[in-house]
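This is the structure, below, for whatever I ask next.
Think of it as A, B, C, D and E in the order they're written, each chain with its own count starting at 1.
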Amino acid sequence: MESTSGKKLLSRLMERIPNRFGVTVLLALAVLAPFLVQNDYYIQLCTEILIASLLAISLNFLIGFTGLVSLGHAVYLGVGAYAFALLTKNVYPSMWAGLIAAGASCALLAWFMGVFCVRLAGLYFAMLTLAFSQVVYTVAYYWRDVTGGDDGMLGIPKPEIGIPGAFSISLESFTNFYYFVLIIVTALIFLAWKIANSPFGRVLQAIRENPERVEFIGLPVHRYKLYAFIIAGTLGGFAGGLYSTFQGYISPDLLYWTQSGEIVLMTILGGMYSFLGPAFGAGMLLFIRDTVLNFMEYWRIVVGGILVLLVLFLPGGILGFFEEWASRLSIGGNDGDDTRS
Amino acid sequence: MELDVSFWLTQFLNGLANAMVLFLIASGLTILLGVLGVLNLAHGSFYMLGAFLIFSSSIIKNPSWFWVGLLLAPLVVAGFGTIIEAFCLRPLYGRERLYTLLLTYGFTLILDDLVLLIWGRDYKSVPIPALFEGRLTIGDFSYPVYFLFIIAVGPLLGVFLWFILNKTNFGKLIRAAATDSEMLDALGVNVNRVFTGVFALGAWLASLGGILAAPMRSVEPGMGVEIIIESFIVVIIGGMGSYLGAFVGAVLIGMLKAFGIEILENFAMIFIYALVLPILILRPRGLFGETTI
Amino acid sequence: MILSVEKINTFYGDSHILFDVDMSIAEGEVVSLLGRNGAGKTTTLRSIMGLTPPREGSVCWLGEEVQRLKPHEIARKGVGFVPEDRRIFSRLSVEENLEIGAFKLEGPSGWTLERIYGLFPKLEQLKAHKGNELSGGEQQMLAIARALMGAPRLVLLDEPSEGLAPAIVKDVGEMIGTLRDEGIAVLLVEQNTRFACRLSDRVYIIDNGRVRFGGTVAQLEADEELKSRYLAV
Amino acid sequence: MATTPVLETKALTKSFGSLLAVNEVDFQVPVGELCAVIGPNGAGKTTFFNLISGRLEPTSGGVFFEGEDITGYPPHAVVKKGVGRSFQITNIFPRLSVLDNVRIAVLARRGKTLDMFSPIEKHTEEQEEALSILGEVELGHKAHHPTTKLGHGERRNLELGITLALEPRLILLDEPTAGMSIEETSSTIELVKKISADKTVVFTEHDMSVVFSIADRISVLHQGSIIAEGTPDEIRNDDLVRLAYLGEEV
Amino acid sequence: MSGLGKKMFVAAVMSLAIASYGASTSFAAKTIKIGVLSPLTGLYSIVGKRTSQGINMAVKEINDAGGVLGHKFEALIRDSETNPASSVRTARRLILRDKVFALLGPLHGGAAIAVLQESKKLKTMNFPWAATEEINTKFCSRYTWRVGSSAQQTSRAGAVIAHRLGLKKWATISSDFSYGRSVVRQFWNYLKERDPGAKRPYAAWPKLGENDYSAYINKMQKAKPDAIFVGLFGADLIKFMKQARSFGMYEKVKIFTDFGGNHVVLKALGDQAPFGHWASSRYLHNYPVSAGNKRFVDNFRKAYNVYPDMTAGEAYSTVHVIAESIRRAGAVDKEKAIDAMGGVAFNSPEGWIIMRPSDHQGWQSSFWGVISKSKKYPFPILSNIQVISPVEGSHPDESTGQGCRK
């Protein structure tokens, strides 16, 4: 008895809380985070989570939105990072120029790769993306004159931002840099969200559902897939640029296929059918690993075990699970638009 | 001139030996993809388990250790694969393929640490079985007998696989399941058992690869991660589901690695991808791929 | 009754396909299940076979509830399945396809390759051919023969005449006759009403997932309204 | 013929290996006609539609739309020319809402699907149009439902709605009433009739009563070839057709 | 699983995460924490294991002796995963969250370079395990130090032996990464310096973690060298040795291995070790035969039931050197300890180590010996040990250490 009335109450609560509320809370938490964690390490962990969130959401543009499972997404993390590093170290130390270089180089790369990749589907698409990323990895590994090879690149700056002559803000402090990343990432995620809810975004979902029918409403599916590929790559490139300046050091490991696998992992872990799910997955994965790694020697067993259990028992991802749970509670109350799309 | 012939012959055999180990792993991987549609990332871990088990049997100070291990270890690993398939993979078949990818990734993490727990961290080295010690020498040409053994085992297992797939009932079931597992079920065949059998066969092959490689290589956690990406490339080249393709793909990769270093020593890896990319772009099903996954 | 279906409700995901479907088949009887495209005929067969198990209701085989069993368990009890698109194993030869049909048997049955080849001499000629080298009619023949190899007491036949030339449809009719002569019950799903009626003892009509009629062929023939309403050819 | 036919095929042929699915079909549809293509299962009707709509490329022969050669065009280009198509097996976007299914088609027709930055709800004109199309196919009240909540007939209607949203000048309907109840069938027939008032329609159909009651002209396809063409009366009295299709011993 | 079950599962995972999060935040008063990054999992996990053992032993010795200036030592040992990103993340955690006094490790060259940049920024002294000499040159800073021998020291010492033996025609093989290149570069340049007539017809650069060296071995044989210098590390070295052995390289050429004298490698190779060939190790359990070394070996065996290997010895000495610098500084203060570090002398099991102020490298002798069977030990050891003085092994002048004053 008690539980049913409790459920009813909860379900009514769920109805009353629009999606916007959750996002507001999340943003408020993000803004207050440096004050809440009170420790430089956690501030920089949060920074890393933000960057990983952007990366996972960018991948989800392909996996969850367009139904294309890319196993080579690390290529954008890596290329974006190298582009930022090469520009700011060798040409001109500007944050904005670096980030634009990161995004633009990845847009170009995605365009080039995409032309070949989007013609394939399913596992074949996955394999071609994987093969491409491995090629780039190999190039980065061996082209020591430019990339530093296995040693990587060191001393990537965090250039000041501001208006020259008028004012400037140093990003050397953990908190400043966190807020800088927060603003950039939020803006880009907001942009991604806009795209997701635009007519274009809906076409991508339609492609995920039924690519052939999309062709038969008069839209060239390959071209739309290519655009999605480029958008995902560009967003990934920005994440790479941010990562580059965040770490101050990059190496070809960023491009290795296991890194790609990790991004897929974040995406699925959080839930690929919800917009913020991948970000949630990124946070969870980094947090769990950071925690477990520091408290046990055989931490892989724990992380692997959690992964196995999640796949077996929470197939919709963590956020996906909570959303489903919430929607089941509110069944009957809201029969309207599928907000999960 | 005389010297050059023996050099090139040696390089050719090196490529072949390398290819045969790859073939063992890739053949299991490809059959798994063809029948179950599962990209098993833990396949490399089975390779690793095979190597660790043969290490354990090499501790027995008896000349027959290698044969005992060769016989028993793959069975142990196959049994282990059976458990993973039956309890963890089976519930996932109805869901998106991605989940099996994640699950098997989880197992690579678990198994990497599990071997550390069981076998400890010391470097491990498996001696060459006494029977295959030494070199075969003909004039200027001299080549390790054990490598020749590996080169011989590869085609033998290829024939064995061909026999299993084409001449046995189990093989018929595998081929039938690859085309239409639901129909097979409706004809009264317990398809789950066929799947488990295929998974066990794959694990058996991979661990055999680990056993054969162990005396030539080191035995260490994480060795599976190294090998899986190469075998995966072999599968892509050969075509998913085709063990013949796996054989050809493995030989191609082996040769590229052996002869690639003659041309561009540091960039030998580039040759492999230079082969893979056009194949994937022009013939996404691979050289011998026929089944649609 | 060899098979009785009681009030089954079947879903594909969220879509409710069958509503309280009732049906029964006696030993050795040929029963037709008629209806339009999408009426739920194939789903009924799939529900019986356990391929798309019903969410509610029961399927009884010789008095035993089997709706929770796996397809292969149901097949092993003596149900043969010949699906709509035949689903021949394309990479296997004709003979291998037939052998697969017999794998479910524990011991030898009356159905041997020789006997099948006796009934379907065409298959013997084709025995080394791969499944994907057969014509539609040959595939249909193989699919029925494959089901026979499992020594069934009931065969579920889904639209055997579909896509076949009239001459071959006649052959299929003869095959069904053969089954009847062997004392095997048949549940025949058809859109070709005339073809089905000629072969059947009894008929069910299903429409929009509900059974609208069950009775003898004569009863159906007599009811013009019924025919025009649900079959309307 | 004085005016160019909307659709014309010339010696259109498609073979799959040794099987001739469509064999040298010459076929013409004059403007405004409601034309049925009938034939037994496997006669090649769906393949024929696939060739016209660009899903398959013909082995030989040509397809002409309003006099223009569109042979080998990809589906999206054929659609852009003005040929809409619905499918035999319901072919919608399952995890989108009913409204979105149609809205996407409207947006596609109006060339707004490359808009990446304004929310889809802000395209009110398209939304209105989508809703009115949903009204036409009697799904107006279910616009905000997920498609999983639709019944079989409703899905077929949604399918039709998507095609209508493209405002094609030629509509290809592959068994529009397949699997519908008697009530649904009759309302769908009304709908098809209404559509055909200002559009050219080619449809295939199992239900002969539907075919004979609404078609202006019927073409009978048998084993890949057209064996008869004419008005419903002519077809009903054609011996060849009776032999090949309507039944062995009619 | 029922809905409730799922919920409980999620709750369990969450509370596990949160519980373990809170667990470590207890601090003992007056402790000096040292953070350690070592590969505990994956390919180089044995190094991580022995490193941890060496460190724990040193910490225990220091604490048993009453600590340093009244402070106890505490080691926080973390997995570095052989991965720069993970190493940097954990390094930041150790410095920022756990407030370690000094950071030790990691092993992998790239990761070490990334971490030393980080520790410089966060003003914490860092002792990378990586032996590439660039750590003392272009990547050096006020905060970067190393106690164990650098690749430069052992390689140059190897060149001295090579020159003594009069071997002229060489082939080299080493992995294509910073340590691997460093080892070969130092060896070859120094040999060329001493013997301008030396030739090197073939230099192989397989990738790190290569499985199959047979193609390279074949090319080496074709070059017909008198001797080969092997700069491979860890499991790569073991793989190479086994393959070289089956191709008959043991009989055809003299083999010099920089890492091959390490106890864990020799133990693993066992009967397949290249007996009669030359190898070095930065620490040897059987040399010098001193009371200090014997005590260290005995204690180590008592504690862990294994012989200490090279990395154990290095790690052990590193902790003691840190303790010594604090004693010299007279205060538990990071900057003061660094000021005092230059010139710290520690009588390690392998002999005296003096921290050179110019390039922040521990001055010590290098050992090369011949791999031999032993009656005393059930595994191969180095015998006929040649001790090369640090004067010969280290940088000839101080200019190379210029980065260290930054």
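In this section, contacts are C-beta pairs under 8 Å (C-beta built on N, C-alpha and C of every residue); 3 or more make two chains touch, one makes a residue touch a chain.
Since this is a predicted model, take the numbers as computed values, not measurements.
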- In this assembly, which chains make contact with chain C and also with chain D? none
- Message: Measuring between Cα centroids, what's the chain most distant from chain D?
- Response: E
- Task: Starting from the Cα centroid of chain A, hunt down the chain whose centroid lies farthest away.
- Result: C
- Task: Could you put a whole-Å number on the gap between the CA centroids of chain B and chain E?
- Result: 34
- Message: How many angstrom lie between the centres of chain C and chain E, each centre taken as the mean Cα position?
- Response: 73
- Task: Could you please state the distance in Å, as a whole number, between where the Cα atoms of chain A are centred and where those of chain B are centred?
- Result: 34
- Taking each chain's centre as its mean C-alpha position, how far apart are chain B and chain C in Å? 43
- Multi-partner residues in chain B (2 or more other chains touched) are 112-113, 116, 266, 269
- Message: Among all residues of chain E, which ones touch two or more of the remaining chains?
- Response: 41, 176, 207
- Could you run through all the chain pairs that touch each other? A-B, A-D, A-E, B-C, B-E, C-D
- Query: Given the complex with chain A, which residues does chain B contribute to the contact?
  - Reply: 33, 37, 39, 41, 88, 91-92, 95, 97-99, 101-103, 105-110, 112-114, 116-117, 225, 229, 232-233, 236, 240, 266-267, 269-270, 273, 276-277, 280-281, 284-285, 293
- Okay, in this complex, where on chain D does chain C touch? 40-42, 148-149, 151-153, 175, 178-182, 206-209, 223, 244, 247-248
- Task: Going by the contact rule at the top, pick out the chain E residues touching chain B in the complex.
- Result: 41-43, 45-46, 48-49, 176, 204-205, 207, 209, 211-212, 214-216, 218-219, 221-222, 234-236, 238-239, 242-243, 246-248, 264-265, 267-272
- Counting only contacts in the complex, chain B reaches chain E at residues 3, 7, 10-11, 14-15, 17-18, 112-113, 116, 121-125, 127-128, 135, 142-144, 146-147, 213, 215-218, 220-223, 226-227, 257-258, 261-262, 265-266, 269
- Item | Footprint of chain D on chain A - complex, ascending | 194-195, 197-203, 205-206, 208-210, 212-221, 224, 227, 335-338, 341
